[in-house]
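In the two complexes that follow, chain A is the common piece, with chain B as its partner first and chain C second.
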Partner chain A sequence: MNLFKKAMSRESTAGIIFTLPFTVGFLLFMIVPMGISLYYSFCKYDILSPPVFTGLENFRTMFADETFYKSIKVTFFFAFVSVPLRLIFALLVAMLLLKTTKMTGFYRAAYYLPSIIGGSVAVAILWKRMFATDGVINKLLQAVGIDCKFSWLGDTKTAIWVLIILAVWQFGSSMLIFLSSLKQIPMSLYEAANVDGANGISKFFKITLPLLTPTIFFNLVMQMINGFLAFTQSYIITQGKPMNSTLFYTVYMYQQSFEFYNTGYGAALAWVMLAIIGLITLLLFATKKFWVYEGGL
Partner chain B sequence: MKKKLAVILAASTMAASLAACGGSGSSGGTEAAGTAGNKETTAQTGGGAPAQEAGGEGLLTVAWWGNQTRNERTQAALDKYSELNPGVSFDGQFSEWSDYWNKLATAAAGHSLPDVLQMDYAYLDQYVTNNLLVDLTPYIEDGTLNVDDCSQDIIGSGSVGGKVYSIPIGINAPAMVYNKTITAQAGVEIKDNMTLDEFVEVSKKIYQETGCKTNMAYGVSQEILQAMIRGYDGHVLFDNGKLGVDSAEEFIPFFKVYEEGVKEGWYIEPGVFAELTPGSIEQDPLVYGSSPETMSWVAFCWSNQFAAFNNAAPEGMELDLTTWPSKDPKLSNFLKPAQLFSVSVDSKDPVTGARLIDYWTNSLDCNQILLAERGVPISSKVAEELAPSLSESDQKVISFINEVVTPNSSQINPPYPNGSSEVSDLINKLEEKVCYGELTAEEAAEQLFTEGNKIMAEKAK
Partner chain C sequence: MREKRRIRNVIYHVLVFSVGIIMIYPLIWMFMSSFKETKTIFQTAGNLIPNPFTIQNYINGLKGFAKVSFMTFFKNSLFISVVATVGTVISSAVVAYGFARFKFKGRNLLFAAMLLSMMLPAQVLMIPQYLWYQKLGWVGSYLPLIVPYFFAIQGFFVYLMTNFIDGIPRELDEAAKIDGCSYPQIFIRVILPLITPALVTGAIFSFMWRWDDFLSALLYVNKSALYPVSLALKLFCDPGSSSDYGAMFAMASLSILPSVLIFIFFQKYLVEGISTSGLKG
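What follows is the complex of A and B.
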């Protein structure tokens, strides 16, 4: 009893109990499934029958699989185009919202809204309707005199851009992060620049941008990872069509796992994705010393 | 003292959060059960009323795929059963075709399949080989499940290796539903058992006369190719470990329809389909769309979907149905035991499951609610008694099956072996490439032959 009392009053006990809901969930719903998925990636597994260990077979199939390369190409294109665009957009809007007026609060909320709802299925369906042949976009173009009956989602060249625009539109969370770090840049620097006679453009490139690089870096890494993991847009709006031109890696993984029941292969694809994301993140970190300003102010 | 307080606080917060988890878990139960299946739902009710389970009664999960009409009617039929048999209640779960199979496979892996589930011919073999379905033969022998009024052929089609694993709810046939208003306007007559060449001729004529285009199940056309291949001396497309054709030649006429159609303008532009959900009746170009260039005069489907098409059709559009075109319609046509129902091995109460299937098969009450939405009832007695209460379009379907298809059809292909879903995807991908002008019909046929054979061989290993 005394021992129990002693154990209960130890500092770490409270900590353990407080973190338990998280740790249990993390172990049960992250670590265990990850372990199982790692095992499946070395198996021939179709969900219905028990897995059969096949060693590296899945990975060998993958390197001969044309669709695998295609989906990597699509995903890279999507991530490398949509993420920088989104960041540029976020930064621009953040700079505009820096000035405090009566409406600033409203605008901030309004621009943040797409990040909350933009990833949802409802918005994906809305997007699909908007870009339909008889959708709002074409109707608007017709209203200004351009007779457009173009099928945005049906063309192999434009379909991916519909998804990219949707992704760029969800710039809100990056915007908020930019906004808060813009506010931390000391006014004294700008005042000094004013005294030296610097104009707006050189102030932006000489003061604002360098001091923002740590934030840009953070946003870039986070958004890049998100970009590679994008699923809903492609799954709901295009299903990878037309001609696999919007087949995101994650959608291909889903198809293999749950449509063709090559679940072992799907698991292998997932682990390759993890390796790719890890590698890209490492590369980004390696470039950090060349362009990210980490000195004090 | 402070530390103790912290510990107690921590413990109580945790308890509260756990309780909250439990609470949200059961309120979200119906959703969760969609993927997790019956075990959770029975566990939930089991906690509250353990006595129910002991009596062999309680809550059964029933799962099916389908459209809005079917969901409403099936739920009503289940409610009626509960009314007739107090103590039995059902949790009906429905989804669209493709989601349905994902859910079912996941549930199978977790040993939490619904008690009674709708099975398809395409998946039957796979589920039986993996021991996921209950052998219903003993229930038929002891009279729980009465199939005296049903033809042995039909019962046989739900069997694997001489054991009955599923009972079809209705009989269907491949059907080509067409817009009679348009065909009349174009001045063409659609006769039963057309050949593919005649079909193409008609399509061209309709396009010239009315501007209305054609759709041959773009994106979901594997069944059509299968039926066409049957026209070649009864070849079976999805054979064990290979594609059951002599050469790639047999695929060419199929791909030619898409190649020539898009080139000459009478087939709907492939881009149009990017905006639709393939396989959805409500969004089929036959009934959906506002201008002739995005609409089709024809839809390839199953005879039981005729009612749903009629529901989805705009006012003033008259629909009719006929057979799918083929080189040799007699060989291609077949009767399909549609919408099989099975009891899963995960069911705690297979007897009630078997009783439910019996009710479905033999009860006039039940069928008066279902109204042949899944196809013509397999019990000849029920089919006969039901006829007067059916709508005109449903009666049309029955006479189509009895008078057009039955006398002019051949035995259905055996249940599809493993690999068919991947080859089906390949067929549709190639079809897409043909429509976008990236492959000729001949190239697509060649690719289907080599790659399809490779997939089938791989999966048979």
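What follows is the complex of A and C.
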């Protein structure tokens, strides 16, 4: 106890003690698991029997596995369509809500609420029922005169769009981030542009958009990563069906590990996913100098 | 000119209002449907107002399944979320204090590890952690859902609080030190009271994330009496188990109630948390 008190009284050791929970947690719950799974990714392992070292076998299987490629294709399509769409909506709505009126509080709440609860199982169930053959979407289409009994989730072309719409619907948090960056753009820039006779569109492209690029970049990186990792919604709504047209990478990884008991293969898939995410992040950072404005104001 | 502005104003409000309604329409529809008679929900899917109005769905839903009442699932969720949140907030604040106020060997490396942990999402760790918890004998218990959170493993919260403490003048620490306070005392008496807003923001996000967490429950909880709401709802809607959509919507509506209440009463903290640190809602 005395030793602890002594250590706590010196700046250099007190800092180590205060940050100790994270150091231990990081090692115990991230580094050690990643290390174990690295080993298992070179093994044949089915949870029930002990692992057998098979070298690169899992990776060889993977590169010959059509479903693996399919799931990457699906996931990329999902991320590359839903993330830009979500950011565009977020920016448009943020610009609309910049103007403060009596209703602003209500508007902001209505646009933001879906992001708060969008990740829940409740919303996934709701979405599944909305797009069912007898769901509210078809009923509303019938109400406006379109006789639609289409099975949105049963068709390989539309099922993925049901998930994309769900993702785009949750643009609220990006909208809030855009709102706070928009508020930081000085009015004087717009006033100067007015003096020069600029119209709304050129003000947007010459002032607003360039100054927002750092925010857009940040959002893009974070959401691309998250988009690539979508799990709950696809797991509950489609389970990868129909014909694997909505089989997200994470869902495939889950199925391999815990439904087909190819857990060693699943560990290999997890490592490849980490590599892919790292690669996407690096690529995005490499494009940064071409379009992100960093000059400050 | 004034006339023109008024027309533009009306167009603005009509547009923003109606898109806003479209945004929350699915939620309103679910909530209203939960008061309809279960066999009429899809026949009357186009109508919003339940006719006749009934609370039978809630009664049926709360009965739960496999002889476990839905109230048990809510209690389980509440227990997991509260304990994990307490752990997250306390440990993150302690670690954030260490990062914000002390220079020590390896600080920068550790800080980089913290940023890395922000980028390493649960899905990447899903299988690695499963393999590890299985070795520890934790599978089938709440331990994987609770214990890690006592070790500040969610970088977002540490980052949020470190930034917040950075904004507190160091003179306050110095003054307390001259008065004879040790570092732990400074942390408890000076820093903690001043970072209350960050603690509240952290607690709110942590609670909502734990409440909605589905993946770890799916992996680690395997006794129905221990299910949290998220997992119970999923099994409730599995084909074969039940097709009582009224009860399903009733329980789904109840399950998002905590988040909606937090949203209504703590909106300010949510908005600040998201706009200052880019936390995802």
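In the analysis below, the second predicted complex is superposed on the first by the 279 of 297 C-alpha atoms of A that agree within 3 Å, B and C clash if a C-alpha of one lies under 4 Å from a C-alpha of the other, contacts with A are read in each partner's own complex, and residues count from 1 in each chain.
Here is the rule we use: a residue touches a chain if its C-beta (ideal position, glycine included) is under 8 Å from a C-beta of that chain, and two chains touch if they have at least 3 such contacts.
Note that the coordinates shown come from a computational prediction; the quantities given were computed from them, not determined experimentally.
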Touching A:11, do we find chain B (first), chain C (second), both, or neither? both
Figure out whether A:110 sits in contact with chain B (first) or chain C (second), or with both, or with neither. second
Have a look at where A:140 lands relative to chain B and chain C in the superposition and call it first, second, both or neither. second
When both complexes are superposed, which of chain B and chain C contacts more residues belonging to chain A? C
Applying the touch criterion given at the start, work out whether A:154 contacts chain B, chain C, both or neither, answering first, second, both or neither. first
Touching partner for A:259 - first (chain B), second (chain C), both, neither: first
Applying the document's definition of touch, where does A:128 land relative to chain B and chain C: first, second, both, or neither? both
Who does A:47 touch here: chain B (first), chain C (second), both, or neither? both
Let me test your reading of the model: by the given contact rule, A:21 touches which partner, first (chain B), second (chain C), both or neither? both
Residues of chain A at both interfaces, chain B in one complex, chain C in the other: 8-9, 11, 13-14, 17-18, 20-21, 47, 128, 132, 134, 258
Chain A residues touching chain C - in the complex, by the definition given at the top: 5, 8-9, 11-26, 28-30, 32-34, 36-37, 40, 47, 93, 96-97, 99, 101, 103, 106-117, 119-123, 125-130, 132, 134-136, 139-140, 142-143, 169, 172-173, 176-177, 179-180, 218-219, 222, 225-226, 229, 231-232, 236, 250, 253-254, 257-258, 263, 266-267, 269-270, 273-274, 277, 281
Which part of chain C faces chain A closely enough to touch in the complex? 12-13, 15-17, 19-21, 23-24, 26-27, 29-30, 42, 45-46, 91, 94-95, 97-99, 101-107, 110, 113-114, 117, 119-121, 123-132, 134-135, 148, 150-153, 158, 182-184, 187, 208, 212, 214-215, 219, 229-231, 233-234, 237, 245, 248-249, 252-253, 255-256, 259-260, 262-263, 267, 270-271, 274-276, 278-281
What part of chain B is in contact with chain A in the complex they form? 3-4, 6-7, 10-11, 13-14, 17-18, 98, 102, 105-106, 108-109, 126-127, 129-130, 132, 269-275, 290-291, 294, 418, 421-422, 425, 429, 432-433, 436, 438
Name, in rising order, each residue of chain A that touches chain B in their complex. 8-11, 13-14, 17-18, 20-21, 46-49, 128, 132-134, 151, 153-156, 159, 238, 241-244, 255, 258-262
